[in-house]
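One structure is given below, represented as structure tokens, and several questions about it will come after.
Chains: A, B, C and D, in written order; residue numbering restarts at 1 for each.
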Amino acid sequence: MTALHGFLPPLTPRGTSALVPNLPWYYSGTLLTVEYLTDPANVRAILPDDIELAPDRPGAVAIIWADWQSCSEGGLELLDPIRSQYLEAFVVVRCSYQGEVYSRCVAIWVTKDFAMGRGWFQGYPKKLGSVHVTRIFSRGKASPRLEAGARLGASLAAYDHRLASALVTLREPSEGNGFVNGHRMLHNRFMPSISQGQGLSMDQLIAMGGVDADLGQAWRGDAELSLADSPWDELHSILPVDEILGGYYREVGVTFAGGDLIADRSRTV
Amino acid sequence: MTALHGFLPPLTPRGTSALVPNLPWYYSGTLLTVEYLTDPANVRAILPDDIELAPDRPGAVAIIWADWQSCSEGGLELLDPIRSQYLEAFVVVRCSYQGEVYSRCVAIWVTKDFAMGRGWFQGYPKKLGSVHVTRIFSRGKASPRLEAGARLGASLAAYDHRLASALVTLREPSEGNGFVNGHRMLHNRFMPSISQGQGLSMDQLIAMGGVDADLGQAWRGDAELSLADSPWDELHSILPVDEILGGYYREVGVTFAGGDLIADRSRTV
Amino acid sequence: MTALHGFLPPLTPRGTSALVPNLPWYYSGTLLTVEYLTDPANVRAILPDDIELAPDRPGAVAIIWADWQSCSEGGLELLDPIRSQYLEAFVVVRCSYQGEVYSRCVAIWVTKDFAMGRGWFQGYPKKLGSVHVTRIFSRGKASPRLEAGARLGASLAAYDHRLASALVTLREPSEGNGFVNGHRMLHNRFMPSISQGQGLSMDQLIAMGGVDADLGQAWRGDAELSLADSPWDELHSILPVDEILGGYYREVGVTFAGGDLIADRSRTV
Amino acid sequence: MTALHGFLPPLTPRGTSALVPNLPWYYSGTLLTVEYLTDPANVRAILPDDIELAPDRPGAVAIIWADWQSCSEGGLELLDPIRSQYLEAFVVVRCSYQGEVYSRCVAIWVTKDFAMGRGWFQGYPKKLGSVHVTRIFSRGKASPRLEAGARLGASLAAYDHRLASALVTLREPSEGNGFVNGHRMLHNRFMPSISQGQGLSMDQLIAMGGVDADLGQAWRGDAELSLADSPWDELHSILPVDEILGGYYREVGVTFAGGDLIADRSRTV
């Protein structure tokens, strides 16, 4: 009898149809980051009860635009690039659990289904969105160069509502590209019972992060950021901007090879 | 301390951001169905080991194009229709488990993220696709009427590869709109462990189906169907067409209010 | 030698590739209309110098959401419905030229390239947009019915900026579905010289309208309308809402078979 | 009285809404090119009667994938990058007119409406398509590097039909990135009369090309190319591949500032 294969559904005899292929997953791309402060009470309100605020700068938030090319082992996706390229915009806060500081993604929008599927596995609360960020080319007059004064725009919309617009003006090379997204991620993975009102079948707390980081020169600069809500998305209302900390740009490569189960409250329902 | 709300991620204090709202979910739309026979060995190969072929016509397959408007309690989605409307194309076979015959969706493509999220909950192996089906208007020369001779086209593509094209010519009113998608659905819900190679954290077999069906007059007719594969999707190769059984069209309304857990092999990994 | 064929570019020996096929063009669909008053000075400002305000209610504006299926002779498009279906949202005012009252489209967004091409031919100033309008199905709980109290939403966005949102609540059957879009259209067709700063090569004033109207029962009701601008589109700023006149819904069919040249100032540049 | 402004429709008092802003237009991006030979009779058949085959290698064809960022004077588009970025795939042949050799675009698909509008002005026969090409990043494992052995994929689809797929394997730096798209473009600009059957109102032959070319290092290599037709697009059938000549990659910048009228047969119809 034929066995079924595939990392995520659908499963088939050959496994070709799976929404997401086996680990590891490889990423090459750019990150445009805006970091800001909100009232720490806003961060507290978006964290589960059993996860605490980070002890240092607990109101810090990062919103990051990533322009990715990604593939699995063998790189077949790179040859049909529609299956390889996507963008995402995501919102990260820091938190503390059992004495350790983590980063945590509290909102994320991506442009492709395979990225949504990876998010379900990794505990990223992914939705689809329309995500754009200025690119840096080396030729012609329709592009900033990677240099002081470069201006990079970014936008995020979902269901035809503009949720975020940003403008980063690069000023100088920097050591890193921000501190908010700098820890391992602490995420919840959950699935309600198929029976209405029976609670959660899967209810896990997991930790994860990339490996084999291949980092380009980071740049930092000034940033402007405008956030909004829609009937389907809260962004301004949950994490309003009190003070902009700065903006960053960096080309990066990274590999994702799995994470660790931290706590499991899954039930047979 | 604020509690977090939402049926599926992301969770927020008010729950507005959730990809999918609470049950029940309401659907109004049309179904264009093509039923055909494939070698029963093909159906056997796409079923998990512990699920058996249906005893009667085990090689029957339905591919269905649904053109939906949907909402949750209160109907807010209907007022911002981009959040309410979507299309899906899905492939259904029948199977048997512990003596009961079920329908089972083995492939499905949808056009919106909320529909993907509902599928993850219901065990539909959803991916994004581009789905189109001819509509029946009552005025003008750019539409068939709901009458004998009406010709309805349909298409499915994913990652810019055309996977299916269909043409149904209606012949006469009929009792129903096919038999393959006529049972409760038997689906697997699973999630791999976040730790590479550790197997499945969630591993459930569930049954579900719609309630409160509000059925329009069904029509049946002749059908043509062309299936293809792509590097990312198997359709022709897993369930090739041996013989077309017929085509159907029907306007329908239905409500989804949950299902039942049949078996659970979830593990703490 | 092979001749080249096609109504609009590209031309090929068989003409299959043409963006738009030969006239006539057939349309079946629905129209959701909101009519309102703006200061007549706003309408005056959006008209060319040689076109005057309509004598009666010169500040009347209609914004219309159309949900179309369309095809050319033979109806091949209907069998590959992605090539047949599109939506558009457009803004119409009235005007007067040489003593005759016309309607005139001053802004329009469509969802497909063939609709853009038809607009270039007809003098509609078409751009791409994301257009959605609530549909009326006959079954299930996720749809209004065509009856008093039905609520229909509509939205328009371009470049991820929401430009218009509307809500129409139907109250009663009515004679017609508004008066602003009720005359022949008076449009300009122009093309700048390929040489910079040389003015217009084509510069025509044309009149056109549909024929063979096949009209469903119109309904009228109350309406809400919210307009906005973006960096790329003016809508609120050019035709702001002073007073809502009403909302309408109607299923319609129509044929377009060409129009008439009214004036021609084209030059050889 | 307010004047109306805008390069292409719609015109408004401030001109902000125009589909395309004033010249000049700036471009920064990458070009992936595959050059091949078809039977010269195929090229002859796609040229108007009064344009002749190029004397040298008349059957040469280039298909080019361009990944662009573009803007007008002031660069406002770069700060809302959804308005600046687009891709296009286009097919170029060479031809001869009054003793001069030109390049000529015979088919082109773009991803944004402003690019369609520019094409109408320039005589490019633009349609919308879905266009993808592998990008070259400097970091991580999900990207080729600009070096021998790099493999770059590309795809083109329209109306959910895959029309072209290409794979270029870079071998070495080269002087240029092909010869087929190396001349000024000779294009027709035409518009049928609004009155059915009256011929063309605008009927121009124009020449144009970019200026201020800012060229990166070109690379050449091997190429594979697969072309197809759909009910709406001819590509394989009009210019089938007899022999692949090679593939190229180059980063480029260019400015478009207008062209020259070569012949004008416009009529007042």
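Assume a contact is a pair of C-beta atoms (placed from the backbone, for glycine too) under 8 Å apart; a residue touches a chain by one contact, two chains touch by 3 or more.
Keep in mind that what you see is a predicted model, and the values were worked out from it rather than measured.
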{"item": "Between chain A and its twin chain B, rotation from the CA superposition, multiple of 5 degrees", "value": "180"}
{"item": "More contacts between chains, A-C or A-D", "value": "A-D"}
{"item": "Intercentroid distance (Cα basis), chain B paired with chain A, Å", "value": "29"}
{"item": "CA centroid of chain A to CA centroid of chain C, Å", "value": "40"}
{"item": "Between chain A and chain D, centroid-to-centroid distance (C-alpha), Å", "value": "35"}
{"item": "Shared-contact residues (touching 2 or more other chains) in chain C", "value": "80, 82, 130, 132, 155, 160"}
{"item": "Chain C - residues contacting chain D, complex", "value": "1-4, 7-14, 16-17, 19, 23-24, 44-46, 48-49, 76, 80, 82-83, 106-108, 112-113, 116, 120-123, 125-128, 159-160, 188-196, 201-202, 204, 206, 208, 229, 231-234, 238, 257-261, 264, 266, 268-269"}
{"item": "Residue ranges of chain B in contact with chain C within the complex", "value": "26-30, 68-71, 75, 77-82, 84-85, 130, 132-135, 137-144, 151, 153-155, 165, 167, 212, 214-216, 251-255"}
{"item": "Chain D contact footprint on chain B (complex, rising order)", "value": "130, 132, 155, 157, 160-162"}
